[in-house]
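Each structure below is given as C-alpha cells.
Below, subunit A partners subunit B and then partners subunit C, in two separate complexes.
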Partner chain A sequence: MENLIEIRNLSKTFRVRRGGVFNRSTVVTRAVEDVGIDIRKGEILGCVGGSGSGKSTFGRMVLRLIEPDAGTINYGGRDLLAYSAEELRQHRRRAQIVFQDPLQSLNPRRTVAENVARPLLNFGMDGRAAARRVDELFKLVGLDPRQSHRYPHEFSGGQCQRIAIARALAPEPEFLFLDEPVSALDVSIQAQILNLLKRLQVQLGLTYLFVSHDLKIVRQFCDRTMVMYRGKLLETGDSAPVYQAPLHPFTQDFLGTVLHARRNDAWERAAELAEDLEGAPPRMDGPHCPYAAACTRRIDRCTMAEPALQPAGAGRSVACFRHDPDLAAPSQATNSSPTGEIA
Partner chain B sequence: MTGIPTALKPPIGRRSNLYFVWRGVLGDPVARIAAGVIAGMMLAAAFAPWISPWAPNAANPELRLMPPGTPGHLLGLDQQGRDILSRTLHGARLTLICGILPVVIGAAISIPLGMLGAWYRRLGAVIMRLMDVLFAFPMALLAIMLAALMGPGIGNMMIALVVTLIPYNTRVVYAAACLERDQAYVEAARAMATPDLKILFVEMLPNVVAASVVYSCTIIGAVVITAAGLSFLGLGVQPPTAEWGIMTSEGRSFIFNAPHIAAVPGIAITILVMAFNLLGDSLRDSLDPRTRLRLVKPAKET
Partner chain C sequence: MDSTPILDVRGLSVGFATIGGLLVAVEDVTLSVSRGEVLAIIGESGSGKTVTAMSIARLLASPPSRVLGGSVRMGKDEILVLDDRAMEDVRGRRIGTIFQNPRASLDPSFTIASQLIETLRRHDPALGRTAAAAEAVRMLGEVGFPDADQVMASYPHQLSGGMCQRIALAMALACKPEVLIADEPTTALDVGVQARVLLLLKRRSHETGLPIILITHDIGVVAAMAGRVLVMYGGHMQEEAPVADLLERPLHPYTRALIAAIPDPDLPPGERSFIEGEPPDLADPPPGCRFAPRCPKSEARCETEVPVWRQVAPHRSVRCHLV
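Take a look at the complex of A and B:
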C-alpha cells in the first residue's frame, strides 16, 4: 500500500522555565524522541502507550499543530515542515483532528451549525452553501440537521463527538488524527462512535491516526499498532500479531493482563498497572533502553546502549536487544523464548 | 435519525443574543427593577429641563437648608437655597455620562488589549507589566494626578478616568482570555486554519466579553464616586454645575444641620450603582447560552 505520511526521526522537547529573572531553572521534558513510522493510505494506525508517553504530541506534530524540533514529515511526497504559511493553511483541508473532550472542542457560545461551518467559511465557501453542507454533514454523522441551531451544551457527549467529527470532515480531509476520541464517552456510546468512524473511513476512504490508551479498542479498531513509551517508539506491526505475540517486554507487560482476562475490571487493573509502569522514573546515566529500569528481561547491554528500531519480520519492528539478530547473546536468550508466556 | 427529509433548517429557535438579553432581563424580577431604575434615571436626565420644578441654579436664600417637604420643594433646599430635586434631576445628566462613558471607552480599549496580551505572550508580558505600573497607584490618586496634569474640565476628567480604568478591566479580560486560550476549541480553530485575529475576535471574544460586561457594570459605581472626588477637588465638573458627586461633597459641611443635602444625591448614587450591579449579574446569565435557557423556559418551544 502507498504511504500517505512518512515520518522520520521526529523529536520534540518541551522546556518549561521556572522561577523569575533570578535563579531560573528549566525543566526539560522529552515528549517525543526519534520516532519514525509510515502511515499508509487508507489504514487505521493505532498509537498506544501510557499517559505522558508522547502519543498526543506525536499526533499534533503530524498535523503541525506543534512544531517538531527535529525530524522530517513527508506528506504525500512533499516535505510538510517546509510548507509556507499559505501552503500550511491549504494543508489544513487535507488533515484534520478530533479531540478527546467533545464538549470542550466546540465553542460553547456558537451554535453547532456555526461550529461546523467555521472551516468551510475559512476556505472561502459562502454562507448559503456552507449551511447546505452543514446539513449534509449532520446527516452523514447521523444527526438531525434541524437541531443544528442549538448550542453544544444541549447535546449529549456522544452527539457532541458526532458534531466534532462532522466539523473535522467539513473541509473533506483525507487524514484524520483522532486524539482519544472515545475515552471521554460511556462504553455504550463508544461503540456507536467507533462504528461511525469505521463507516466513514470506508465510505470516504480516510486514513486515521488513532491515539488511545484503551488497548481493547485499538486492538479491534486499528489495522496497525505502534507502541510508545516515554516518547520512544518501541514496537510496530499489524494489530493482530502485536496483540497476540508482543515482542517488546514493555508491550508484553502493558498488554499482559488484557489478553488473558476478558472481564472489564481486570482490564482496568491492567491499565492501572500500565500507568504505574509510567510512574516511576528510572535513574540511569548514559544511553540505555527507556524501559531498562522496569524490564524483567534486561540484559547487560540494555543499561549501556539504546536499542534502535529493527525489523522483526512480517512487517513488524521492535526496539529491543533481545530481538536484535546481531546482538542477542545466546547464553541469555536460550533461557526462555522472549515471546513465550503471552502467546 | 438518518431518515429525516431534506428540509432546510427552520428558523424556529434561532434567536439572537439580544433576544436572550431582553428575555433574560424581563424574566428576572430583580433585573427588571434594576433596568427600570436605570431607564428612569436616563429619562429623568434627558427630560430634566422640562420636568424639574425649578432651574438648577435658581437660589432662594430665605429657604436655605430647609428639609424635604417644604412647600414647592419636595426634597428640600441646599445651603444656598437651591431646589435639591431640580438639581438632582439635572445632575443625573453629568453623573450618568461621567459614570458610563469612561467605562465604555475603557472597555473598548481593554478588551482588545487583554486579548492580544493573552494570545501573544511576549506582548502580553509587556502589556501586563505596564498595567502593573498603573496598578501601583490607587485609583483615585492616579485619576487626580492625571486630571491635575491635564488641567480641569469634563473632557480631561473623562480621559483621566479612562486611563485609570484600563488596568482593571484589562486584567479581567486577560485572565478570562488566558483561560479560553487553552481550551480545545481554540486548538480546533487553529487546526481549521482560522486566522489568529479571527480566533481572537470571532471565537474567543463571546466567551471573554461576559466577564468584562459584568465587571464594567460593577465598576460604574466606583467611577461615579471617583468622578465626584475629582469634581470635589475642582478638577472635574466645576461647582455651580449640578452633579451628584459635587452635591454630596458640598452637603458634607452641613451633614449635622441639614443631612438631606448630602443624603439625596448620595442615595441617588447608591441606587444607580446597585442597579448597575444587579443588571450586570443578569446580563452575565443571559449572555451565556448555558444558563440563559433557564431564564426563558416559559417562552421556549420544544
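Take a look at the complex of A and C:
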C-alpha cells in the first residue's frame, strides 16, 4: 500500500517554567522522542498510550499544529516542514482534525451551519455554494439540514460530534486526525459515531490517525496500531496481532489492565504492577529502555542501552531487546555481557 | 454473608425545579447493600444514577432538588428526615463518598498531611497530632503509597489524578464509614491506574466487609467489581441481577444493547451494534417505557404504558413488558 505520510525521527520537547519568583526552574518534558512511522493511504492507524505518552502531541505535529523540534514529515512526497505559511494554509484542506470535546471545539456564538461553513468560506467559496455544501454535509453525517440554523448548545454531545465531523469534512480532506473523538460520549453514542466514521472512511476513501486511550475501541476500529509510552514508540503492527499477542512487555502490561465485559480476575494481577503514567518517570541514569524501571521482564542490557524499533516479522516492529537477541551490544564498553535469558 | 441491609433505599423519587416545571430525575428507586457487597449502578448520562447516589448522601442542594418520596434507612435511622447537623455526622462517618474528579475532593491550598490529619482528628477528637500523622502515613500505605512522606508534604496539584483519587479514598476510609458511595471513581484515570484504584476498593470491601455502591457507565468496571448490578435508564430502574447473570443473560433490551455496544476482543473487527437515537429528555419523558423510543423490540403498549418493576427469578427483577 502506498504511504500518504512518512514520519521519521519526530521529536518535541516542552519547557515548562515551574515555581514562583525565588525558586523558578525550568522543567524539560520530552513529549515525543524519535518517533518514526508510515501512515498508509486509506488506512486507519490507531495510536494508543496512557496520559502523557505523547500521542496527542504526535498527532498535532503530523498536522503541524505543533512545530516539531526535530525529524521529518513527508506528506504525499513533499516535505511538510518546509511549507511556507501560505502552502501550509492550503494544506489544511487536505488534512483536518476532530477533537475530543465537540462542544468546546464549536463556536458557541455561531449557528452550526456557520460553524460547518467556516472552512469553506476561509478557502474562498461563496456563501450560497457553501450553504448548499453544508446541507450535503449534514446529510452525510446523519443530521437533519433543517436544524442547521440552531446553535451548538441545542445539540447533544453525539450530535455536536457529528457537526464537528461535518466541519472537518467540509474542505474535502483526504486525511483526518481523530483526537479521542468518542472519549467524551456515552457508550451507546460512541458506537454510533464510530460506525459513522468507519462508513465515511470507506465512502470517501479517507486516511485516519486515531488517537485513543481506549484499547478496546482501537482494536475494533483501527487497521494498525502504534503503542506509545512516555514519548517513545514501543510497538507497531496490525491491530489484531498487537492485541492478541503483544510483543512489548509494556503493551502486555497495558492490555492486562483493560477491563472486559467478560468476568475474569486476570486484571487484578496486572493492576498490582500498573504504573502511574501521570506520575514522574522513575529515575535511571545512562541510556536505558524507557520501560526498564517498571518492566518485570527486564534483562541486564535493558539498563545499559536503549533498544531501537526493529522489525519483528509479519509487518510488526518492537523496541525491546528480548525480541532482538542479535542486536549489537551497547556501544559503550561493558564488562558484563547480558546474563538474562532471552525470550 | 450477613444479608441484613446496611443501607436500605425504598421508593426514592427525586425532582428538580426548572422553569418548565418539576423535572423528575429519579423515580421509585429501591436498592439495598449488605456487608461485603459491591452493588454497581450502571447507566448513561441522565439515567439518574448520580442523582440517586447524591440523594442518598443528601449532597444535592435543596431547592432546587426535592425528594418527592421514599425512604433511605441505615439501621433504625431514617436519613431523609435528619436535620443538617445530624446529617454532618452521617456524611463521612456513616456514608463515605468519592467522586469522579478527585482534585475536587481535596483542598488545593493545604498539604495532603494537613488534610488527612484534620479529617482524622475531626472524627476522633481524642487523637493527638503526632498519632494522627502516624495514622495518616499508615492509611496512605494501605492505598498504595509505600513511601508516604513525600506525598504527605505535597499539595494536590503536585500529584497525579490517580494519586489524588487514592488519597481521596484514604480520606473517605479514614472515617470508617458503614457504606461507601463511589461515583465514577476511575472514569478520569488511565486504565492502569483505574485498575489499581478498583483493586484497592475491591480488596477493602472483601477484607473489612465495607459495602460499596459503585456508580459507573462502564460494563468492564461492573464485570470486574460488582456482585449485583442495577441498570438505570431515563430515571427508572430497568433491571437488577447478580453480575454473572446480567452479563450472560441480560433480560432488558437496554441491558442487551449496552453490553453489545462494548467492543468484544474475541470478535473480528467490524461494525459495532448500537442503539439508535438519544436518551430521553426528562423534562418531557416518553409516556410509556423510557427506552421504548430506542428499543428495537418496542410494541404498542411499550409506547403508552410504563412497565411495572417486577421480580422474574430469585434476585432478578426487570421493568419490561416483553420479559
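The rule is simple: the second predicted complex is superposed on the first by the 295 of 343 C-alpha atoms of A that agree within 3 Å, B and C clash if a C-alpha of one lies under 4 Å from a C-alpha of the other, contacts with A are read in each partner's own complex, and residues count from 1 in each chain.
As a working rule, contacts are C-beta pairs under 8 Å (C-beta built on N, C-alpha and C of every residue); 3 or more make two chains touch, one makes a residue touch a chain.
Since this is a predicted model, take the numbers as computed values, not measurements.
K.L.:
Quick check on the superposed pair: does A:Ser51 touch subunit B, subunit C, both, or neither? Answer first, second, both or neither.
P.N.:
Second partner only, subunit C.
K.L.:
Looking at the overlay, what does A:Gly158 touch: subunit B (first), subunit C (second), both, or neither?
P.N.:
second
K.L.:
Once the structures are superposed on A, label A:Arg8 by its partner contacts, choosing first (subunit B), second (subunit C), both or neither.
P.N.:
Once the two structures are laid over each other on A, A:Arg8 reaches no partner at all.
K.L.:
Of the partners subunit B and subunit C, which touch A:Arg219 in the superposed model: first, second, both, neither?
P.N.:
second
K.L.:
I'd like to know which partner A:Gln190 touches here: subunit B for first, subunit C for second, both or neither.
P.N.:
The answer is second: A:Gln190 touches subunit C but not subunit B.
K.L.:
Tell me which partner A:Lys41 touches in the superposition: subunit B (first), subunit C (second), both or neither.
P.N.:
A:Lys41: touches no partner chain.
K.L.:
Which part of subunit A faces subunit C closely enough to touch in the complex?
P.N.:
Subunit A residues touching subunit C: 50-51, 156-159, 186-192, 194-195, 198, 213, 215-217, 219-221, 239-240, 243, 253-254, 257-263, 267-268, 270-272, 274-279.
K.L.:
Please output the residues of subunit C touching subunit A within their complex, sorted ascending.
P.N.:
Against subunit A, the touching part of subunit C is residues 44-45, 160-163, 190-196, 198-199, 202, 217-221, 223-224, 243-244, 247, 257-259, 261-265, 268-276, 278-279.
K.L.:
Can you check the complex and tell me which residues of subunit B touch subunit A?
P.N.:
These residues of subunit B touch subunit A: 1-2, 4, 6-10, 13-14, 183-185, 187-195, 198, 203, 206-207, 288-290, 293.
K.L.:
Which residues of subunit A touch subunit B in their complex?
P.N.:
Residues in contact with subunit B: 63, 65, 88-90, 92-93, 96-97, 99-101, 104-111, 113, 115, 118-119, 122-123, 131, 135, 139, 142-146, 148-151, 153-154, 164, 167, 171.
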